Structures are given as C-alpha cells and as structure tokens.
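One chain, chain A, links the two complexes that follow: it is found with chain B in the first and with chain C in the second.
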Partner chain A sequence: MLSLRFHGRGGQGAKVASRILGTAAFLEGFYVQDFPLYGAERRGAPITAFAHISEDPIMERGVISDPDMVVVMDETLLQDTRAKPLSGLRKNGVILINTSRTPEEVTADHGVEAQVVTLDMTKMSLTMLGEPILSTPAGAAAARIVGIGEESLKEAVENVLAGILSEGEELDENVKLALSVFLAVTPLDITTVEALPEASPVIIVPFEPAHISSPTINALGNSPLRKTGNWRVFRPVWNREVCTKCMACLARCPDGCISLDEEGFPCVDYENCKGCLICVRVCPAEGIERVREAQVL
Partner chain B sequence: MKEEPIKSFRDIPGEEVLCSGTPACAGCGGLLTLRHCLKALGDRVVIVNAASCFTLLAIYPLNPFKNSWLYTAMASAPAGAQGVRDALDVLIEKGKLDSEEDLKVVVLTGDGSAYDMGLSSTSGALYRNLDFYYICYDNEAYGNTGFQESGATPLGSKTATTPPGERHPIGSELPKKDLFEIWKSHRPPYLATISPAYPIDLINKFKRAGQYRGPKLFISLVPCPPGWGTDPSRSVDLAKLAVETGVWALKEAVRGEVGHTVVPKRFKPVEEYLRGQGRFAHLFRPVRQEETLREIQERVDEYWRLHKLLL
Partner chain C sequence: MTREMLTGNAAAAWGVRLAEVDYVPVYPITPQTEIIETLAEWISDGMMDARLVTMDSEHSMITAAGAASATGARAFTATSSQGLLYGFEMIYTVAGWRVPLVMVNVSRGLSSPLTLEPDHNDVLAIRDSGFLQIHCETCQEVLDSIILAYRLAEDERVLLPVMVNMDGFYLSFTREPVEIPNPEEVREFLPPYRPKHAFFMASQPMAQGVAVLGGSAYSYFKYQMHLASLKALEVYGEICAEFEREFRRGYGPVEGYMLEDAEYALVMVGSFSTLGKKAVKRARDRGIRAGLLKLRLLRPFPEADLRRALEGKRAVAVLDQNISVGKGGILYSEVASCLCNSKKRPVLLSFIGGLGGKNISPHEFEFLFEKMIEAFEQGTLNGPHLLYTEQEWEEMSLLKRTAEKEGAA
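Moving on, here comes the complex of A and B:
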C-alpha cells in the first residue's frame, strides 16, 4: 500500500489534488481512500489531505502519520511549525515540492533525506489557467510519480473537476495542464521503510474543570506572531513616484498591514500581509504593482 | 455625548485596534468591517462572539484583540452580553470598578447567528433594552462550515445546501430576511446598516450611536471570497457595487426614524454586482435565467420606490 499526504494552503486545492490522485488510482483498478483533514481552516491556512492506494482492501482509517510520499504544494510550508509537512515521512520516501528551485537546492537548504522532486506548479498554473490554483498539477504530478497511466489521469481530472467548474473551457485547460505535468515528471520506485519515530515523550492530559482546561489567552494583540505573509503568491509593491498619499490603500486593508512611514508614504508589513491585493485594485493612481513572490526571493 | 463626524480617509483613527496575523481569509470583508468598527469603538470594549468564522480570530495562544473577548455558543451571544453588562454594573455599584473605567459590551456574530440561531436571545436583549452594541457581519451564509444557506442568503445564490441543479436551477429559492426591519420593530434607539467599502459612513454611524443607551445595532454586508466565489482583491469593489446597485441600502434608524445615508445618484443595474460572483454564475451560464435576474432587480427597485428614492 502507498500512503500519500498533501500539504497546501487553504484555497490552493490540496483536497481536490488528493481526490484527483485517488480517482485516477481507482480507475487503474486499485483500492483507494482519499480524504482531507477537516478543521477550522480558511484560505491561506495550512491544509492537509491524504490518499491510500492499495492492491488489497484498505482496513486503515484516519490520518496518515507515516506517509511514503508527501506533496508540498507551497514551499513556505517547510518552515511552518504548524504544518510540519515532512514529519513521519518514511525512509527512502518521496517529497514532491512546488518550487521554482532544483531538487539539489531544496535538499541542501532543508537537509532532507528523501527522493526529492521539484516542479514549478504555480508557474504552470498561472501560465495555463491564469490562476495559482494547484489541485490539477499537484494531483497529476503525484499520480505520475506513483505510476498512474495517462488515460486514467485524464479521466480523473474530468470526473473530479466537472462537479466543481462551471465552464467546459476551464475543464479543457485543466486537462491540458494535467497532461503537460504528466510529461514533465517521471515515475519513481517507491520502496520505503519505517522511519524511527523521534523520541517524543507521551503527554497525558488529565481531565480538568473548564476554568483550568479551557484556553485563556492573557496576551493582548500578539497575533502578528503568526506570519501570515507566507500566504502570498503575489506581493503589492508601491511606486512612490505615482503615489499621491491619498490613503485609499490604508483604509481598505482588511488586515491593517499598511501604515505610513516618516515621509507619509504607505508602507506594508510583508511579514503579515496576506496578499489579498485589494490595495492594488483600489489605488486610484494605479501606483501599486503586484509582483510574484518567487521573483522577490 | 455627541461627536463630530469625520470627513475623509485622513480622519480615520490611525491606530490599529485589531492586529494582523489573524486566520481570516485573505480579502475577508468581515475583517475589514471589524477593523473599522474597532477603530470607532476603541479598545475599551468586551467582545462577545458567537461561533462563526470570527471565533477563530483568537486561537490559543494567539489573539488579535487589545480588548477582552469571550466566545459563546451560536444562539447565545446577546445572553452572554447581558451577563457581562450585569457583571460590570455590579462591580461599579460595589465600588470595585470606577465608572470611568467602564467597558462597552459588543456582540459580534455572523448572519447565521443574527438572522437565524440567535434571533430569540437577540429579541430578548432588545426587549430588556440591554445597553450593548451588536455587529453582524453578513456574508449571506454559514461561512465557517462551508457556506450553507442561512436566512440571510439572497434569492438565486448557490450555497453548499442550495446547489443549482435540474430541480432547483436558481440555487436558493428564498429571498433574504429583512433583519433591519425585524430589529426595528423592537424599537431600539439606534440601528444602522454599514459596509466595509464605506468606512467614513461606518465610523460616523458609531459616533452617532454612542450617544444612546440601549441596543445599538449594525449589519454589514461583507464579501467572502471562498463563499462568494470571488477573487480576494475584489472584496472592496463588490461591497461598493452592492451599494451602487441598490442591493445594499446604507441607512440608519434613530429611535425608529429611518434615513438613508448613501443614496446613489443613478443606480447601476444589479447584474453588475451579480456577474462575476461564483455563487451567481449559474444565473448567467450556460443560459441566462432571465426570470430570476428580473425578479432580483425588481425586488431592489421595489425597495427604493417604497422609500421614494426611485421614481
């Protein structure tokens, strides 16, 4: 049995990616489970989805803690302590990462021990769909790596997306995207052994009355510690030549990430700006440009 | 105490009372509303928040508020507010809290609580003339659980529980409840609709409301990118279009007397607002559902004719 775990950010399509993979494997004749982890997750927040693929009936239930392969749909998740996408990955397992960098660079940077595959899914989606939605490329790349055939993949993308997309044209574009991903990636031999779990002391939580056990936060306004800046695909960049200091962007930022610098120009806190780009749209002087994050790094 | 109204973006208080780093979606119109409401109210408030997307704003150990915040079940935020108000009053009476140090009690809920589940406890609080603010951010469905239909869902909207299909081609078949009128029938001293795209109007309404003791109520129509099927960058444009097409009437009722605060000189066709929202896409493609589009426009026209603002 192969066990896969998808890590994405809410809105990127991790759930649909696992469904595409699961459907494709099912069409190839395997027993399959695919399911997301439902939590209080919103756009941008780390999301997990899972798939089991097996020649025999699958008796396991529940989340996958020791996957043979992880699909990391957003490279910034590698540093996210809440997501921990590599945790539990079996020895010799596969890491598929959406990044513009090479496997060697990623391996060196993150000190990972695994077969690393990289693919710039965001770029492919932006080029072919016009939007950074990654369900199709992530599902297709995972399917190709585990050895699913082209026909099953194509049919799976059609089946899964027909219920989601309202336009036939978009569906065709997604199928095309899946097929070009199919060509860009090669299948791998995935024979893994269990990684020894890190020594983690078992913490037993005793039953306590509500005034002790219910969480009370005594810190004021500490949420900026959650660096929502890594949600961005594009960042807003101000052009001071054009800015008239009208304050429209400041008044329209839902997250309150824009303030004025000493010269009265708006400046943004990139650590927490989520990249909604409302500022870009509302600037009457068209003085804010959107720049792809990968080009800034 | 009456406060001077503000006139431009420059007059909006600069200090951020609501901090960044919340888990709310990028482009959340509800968050933009709340940011301005808190600028108007300041940090001497207690927020009583019914279960909704916004109960996730404060997840242990992180908290975006500089004020106190309490989480209640969906149906009972106004009851929670009553408890907080009473506790503050008792403390003041016993001399344990200086009346100068008093806090404003603010209920914050989505439309699910405001229009449906919490209506009875709200009615009770209004009946008892509880001195509190109620802010409803209305994204027109149960957003947090995946966008199911609520009493605030408008006619023709796709939601998780009203998927357009052969038998129900238009999606939601029921028109939106009129919460403003429901609240108004209780005769609160102050009641208003607000919009995240009109922060000056919003802040001035809070300034006016501040003069009154008793229930002070605010409903904000807020774009919700995942539920509405819209790009996060369009949230302000959409909130503005809702007002410019007449779909969302910006108004207030002071002791029952209704006045409109923003009236478009020329109403844009409602289609301009509907088009481009994923939740209404089935009204345009594959075939235009003319009858429903006409009905939605007519309902809007009827409202403005009733108020003698459309001839």
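Moving on, here comes the complex of A and C:
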C-alpha cells in the first residue's frame, strides 16, 4: 500500500489533487481511499488531503501520520509549525515540492532524508491556466511518480474536474497541463521503511478543577500573533499615479488590511494581507497590479 | 451496475436517488450538507423526480418529513449533531406517528466545546425515541443501508422511522470505490411505497398524533412501538437475506471479524471499526487470539446475536465512541445487560475512544488487548478507561498554557 499526504492552502486545490490521484489509481484497478481534512478553514489556511492506494482492501480510516510520500503544494508551509508537512514521512519516502528551486537546494535547506522531487507547479499553472490553481499539476505529478499511466491520468482529470469546471475549454487546458506535468517528472521506486512512531503510552487522565478544565480561554486575543501574509501567491501593488483615492479597495478588503496613509493613499499591511486580490478586482481605475511574490522577494 | 469513487455523503445521495424518494425537506449543517446539495443538483437537473424544500430549521424539517411520510409519500431528510438536537422534539413525535421516514445522521461531536469531527453522542441521544438505527462502516454500506432502511421502515409489521448513521469526515468526506446498483434492480427490491396503513388524504379526514390522557392508552402505544422495533429484527433478517441474493452483499445485525475462534473480542460501531479490524489482525500476528464484533443495528438491539457471538470468550472490551457523562460508555452498559445472566459470561471491559474524532492509534489498540488479557489472567478490572496518550496530554497542556489556565498540569 502507498499512502500519500497533500499539504496545500485553502483554495489551491489539495483536495481535488488527492481526488485526481485517487481516481487515476482507481481507474488502474487499485483499491483507493482519499480523504481531505479541513475544519472551518478559510481560503489560504493550511489544509491536508490524503490518499491510500493498495492492491488489497484498505484497512485505514482518517489521517495519515506516516506517509510514503508528501506533496507540498506551497513551499511556505515547510516553515509552518502547525502544518508540519514533513512530519512522519517514512524512511526513503518521497517529497514532491512545488518550488522553482532544485532538489539539492531544498534538501540542503531542510536537512531531509528522502527522495526530493521539485516542480514549479505555480509557474506551469500560471502559464497554461492563467491562475495559480494547483490541483491538476499536483495530482498529475503525484500520479506520475507513483507510476500511474497516461490514459488513467487523463481520464481522472476529466472525471474529477467535469463536476467543478463549467467550461469545456478550461477542462481541455487542465488535461494539457496534466500531460505536460506527466512528461516533466518520472516514476520513482517508493519502497519505504515503516517508521514506527515511538509509542506514546496510554495514561489515566487525572481530575482537574473547572477553572482549568472548562473550555474557556483566559488569555487575551492572540490571533494578531498569527501572521497570514505568507499565504499570498500574488501581492497587490498600488499605482499612485492612477489611484483616485476612492477607497473602494479599503471598503472591500475582507481582512481590514488596507488603511490610508497621510496623503490619503491606500496602504496595505503585507504581514496579514492573504493575497485574495479582491482589491485588484474592485479598483475602478485599474490601479492595483498583482505581482508574483517570488518576484518581489 | 457501475463502480465509482464516492464519498459517504455521495453514497447517501445515491441511496436516496435509487430509493426514488418523493419529498426531501432540508436544512444544511456540516458535515452533512453535501448530501442535500447533491440531491438538490440532481433534482434541479431533472435526474431525480422529487420535490426538495429548504426549511427554516431542523425542527420544521423533521416535522415536514414526518408529515410527508404520513401522507404516503416516500420522504428523506438528513442532519447532524446540533441540527439533530435542534429537531429533537420532533424525533420522538414522528416515531410515535408510526411513519416510515428514513433519515441520515452524519455523526459529529456535540457542543460544548464545539467541534466538527465525529463521535456518537448525537445519534445515541435519540436512542430511546423509536427510530431504528443502522450504523455504517463503509461508503458502500451507507448506500445499501438506505435502500434496506426503506424496506424495513415501510414493512407493515414495523412502520417505524429509521436513522442511518455514518461518521462525519471519516466516512462523509472519504471517497472509496462504491458499487451503484441498477435502478431497475433496486425498484424490484424496493417497489414504490403503497401503504395499506392509514394515511393522510384530502378526502379522508383523520387525526394523527392524538392526545391520550390517562396512562393506559399511552402505555399501550409506547409498548406497541417497542414490540414493533423488536419485530424489526426478524424483518431485517428476511430483508437482508433477499438483499444478499439480489446484490451479493450481506449485512447482518452484527458482523464478526475473526471472531469465531477468538478468545478476546472487541466490540465497536461505525467507521472506526475498520481500524479495530486492522488492530485485530496485528494482535493475531503477535499470537493473541483476537476478534471484533461490529454492531450494525443499535435499535432494535440485536441481543440474541450479540450473546451468541460473545458467550464463552475470555474477555470482551466495548470501545464506546461516546460518553454518558457520569456513567461512561453507553454501549458498554447495553452489552453488559445482554450478558449478565449468561452462564458463559466473559469478563467485560469498558473503553472510551475517538471522542470528537480523536484518532485511535495502533498502540492504543494494543493497550486495550493487554488490558483484556490482564483482566482475564489476573482478574484486574478498572475503568471506564479513556484512550488518551501521554503525547496528547502534553499537547493539551500546551493548549492550557496558551489559554493561560492557572495551575494547569
């Protein structure tokens, strides 16, 4: 059995990627189980999705804590202390990362012991779809790496996306993208060693008084400590020559990240702006440009 | 017949579509909403000939569904957790009407604290209402159980509503291969509902859900519900045999896994049973004669099957994915009541695990088998025992510190 875990941000397509892989493996005749995990997540928040592929009936439920392969659809998640995308990866497992960097650079940076595959999925999606939506490239790359055939992949992309996309043209673009990803990566031998996690003993839970054991939070609000600026693929950049100070962007920002500077021009809190780009869309003067984050840095 | 990758929710929607339901009053709630969204899409696209109405609450929704059932329409609705509790009053009422409504509950832990992930306190809250309860482990079981549920509910000997339960996320959002039977075959197994039982019609005024002051009438009606529920065990057996002949999938009121020659048996319900089965297999590899009993029917409670399956075992552990605060596991008490008069009564242990969807790790299952062996060999019993690891306690301690809980361990 192969167990894969996808890490992405809400809206990038981790769930759909796991379904493309799952359906492709199902079409090849395997037993498959796939499963996304999200709570009350918003666009941009870290989410995970899972897929098991097996020649025998699958006796698993729920999250995969010791995957054979992880697919990291957003490189910034590697630093996320909650998402921990590499945790539990089996020895000799595979890490597929959406990045413009080489496997050697990634390996050196993160000190990982695994087979690292890198692919600039965002660039491929932007070029072929015009949007940084990663479900097709991530699903296709994972399918190729585990050894799924071209026909099954193509059918899976059509099958899974048919229920999501309304235009046939978009579907064709996605199939083309899947096939170019198919050519860009190669299958790998994934023979992993089960990294039996150190068993944590079962304990007897002691009594604690209600001032501790009731679900109240005494600490004052700490959500400002969680910076959400690294969720962006694009950042909005204002062109002051065009801006009429109409404040439409300020009014429509769902996160209250936009304020006015002393001259009355909008300025943005990039530490928290998630890059939803609603401001770009609502600007009547077309004075806000979307700039790819990697190019800003 | 086709075979497709379906979530538990999509499998539920397929069950409803194949049952050719007439009327679907709805109200959304995570993790159930995908069921009613799927039905709404099919009805809107003309792929399903039914009427879907969005209601103002679960209370109205269950009332509407029960009332439609009373007119002789085949009705369906679905809810989860807080929604089920919001409509709770009507659950008892509709069961008392003796109408064959089929509902799906997608289990989710109850507030407070609020959560989205599953345990069974929601569906067990309606345990005593008169609704029959079928609990599912796989997506296939969800689809098939809905078809079985209509046959069971509409049988003249039963005429009680049925709740088909699946776990939120672990089944509702999990895709696995599901066989979708042909509509013609399903129609043959489950013909359109033509009730002989009295029902509302425009030209035939009648009273439904009447008041009965004085306990003797009330006792009569309640006890008749109980007898009908017990009768449903027999009817369920017949229907499942027929279903198996037609569709080659069998569903007993209980299911044994490596149980026959087992010395140590685990009792479970729902999707986590899959993890229990894996743990049984691993225990066998370590030389422990382990087995698992899955309860599919919780109401009516399959007492005789359960007794037959568990008598003579060395020890039995009931793993409850629920907690009756102030008592412990709900099913433990029910299993104990079945076995307490048996001369071949096994030692019985109670464990609580998977509350709010908490994972049950292989190590926790190992612990459970160790405790069973210990109880048999040394006679030591303590519990109910919550399955909770040191690591989870440490993570909880961090949360408590973050919340600035003074004096927390």
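Side notes on the structure shown:
FYI, the second predicted complex is superposed on the first by the 233 of 297 C-alpha atoms of A that agree within 3 Å, B and C clash if a C-alpha of one lies under 4 Å from a C-alpha of the other, contacts with A are read in each partner's own complex, and residues count from 1 in each chain.
The working rule: contacts are C-beta pairs under 8 Å (C-beta built on N, C-alpha and C of every residue); 3 or more make two chains touch, one makes a residue touch a chain.
This structure is a prediction, so every number in the text was calculated from the model and none was measured.
When both complexes are overlaid on chain A, the residue A:Arg43 reaches chain B alone and has no touch with chain C. By the touch criterion defined above, A:Pro206 reaches chain C but does not reach chain B. Legend: residue contacts after superposition of the two complexes on their common chain; A:Asp255 is shown touching chain B, with no touch to chain C.
Look at A:Arg281: by the touch rule set out above, it reaches chain B but stays clear of chain C. In the superposition on chain A, contact of A:Phe182 is made with neither chain B nor chain C.
Contacts of A:Glu60 after superposition: chain C is touched, whereas chain B is not reached. Of the two partner chains placed by the overlay, chain B and chain C both lie in contact with A:Ile217.
In the overlay built on the shared chain, the residue A:Cys246 is in contact with chain B alone; chain C does not reach it. Contacts of chain A with chain B, set against its contacts with chain C after fitting on chain A, overlap at residues 40, 215, 217, 219, 222. Remark: chain A residues 10-11, 40, 42-45, 166-167, 215, 217, 219-228, 231, 246-248, 250-257, 259-260, 269, 272-278, 280-282 touch chain B in the complex. Contact residues on chain A toward chain C in their complex (touch as defined above): 19, 22-23, 26, 31-37, 39-40, 58-63, 65, 197, 199-206, 208-209, 211-212, 215-219, 222. Of all residues in chain C, those touching chain A in their complex are 5, 112-113, 116, 169-171, 173-177, 271-272, 274-275, 277-278, 281, 357, 359, 361, 363-364, 366-367, 385-393, 400, 402-409. Contact residues of chain B toward chain A in the complex are 9-10, 12, 14, 16, 18-29, 31-32, 35, 53, 56-66, 144, 196-197, 199, 225-226, 232-237, 278, 281-282, 285.
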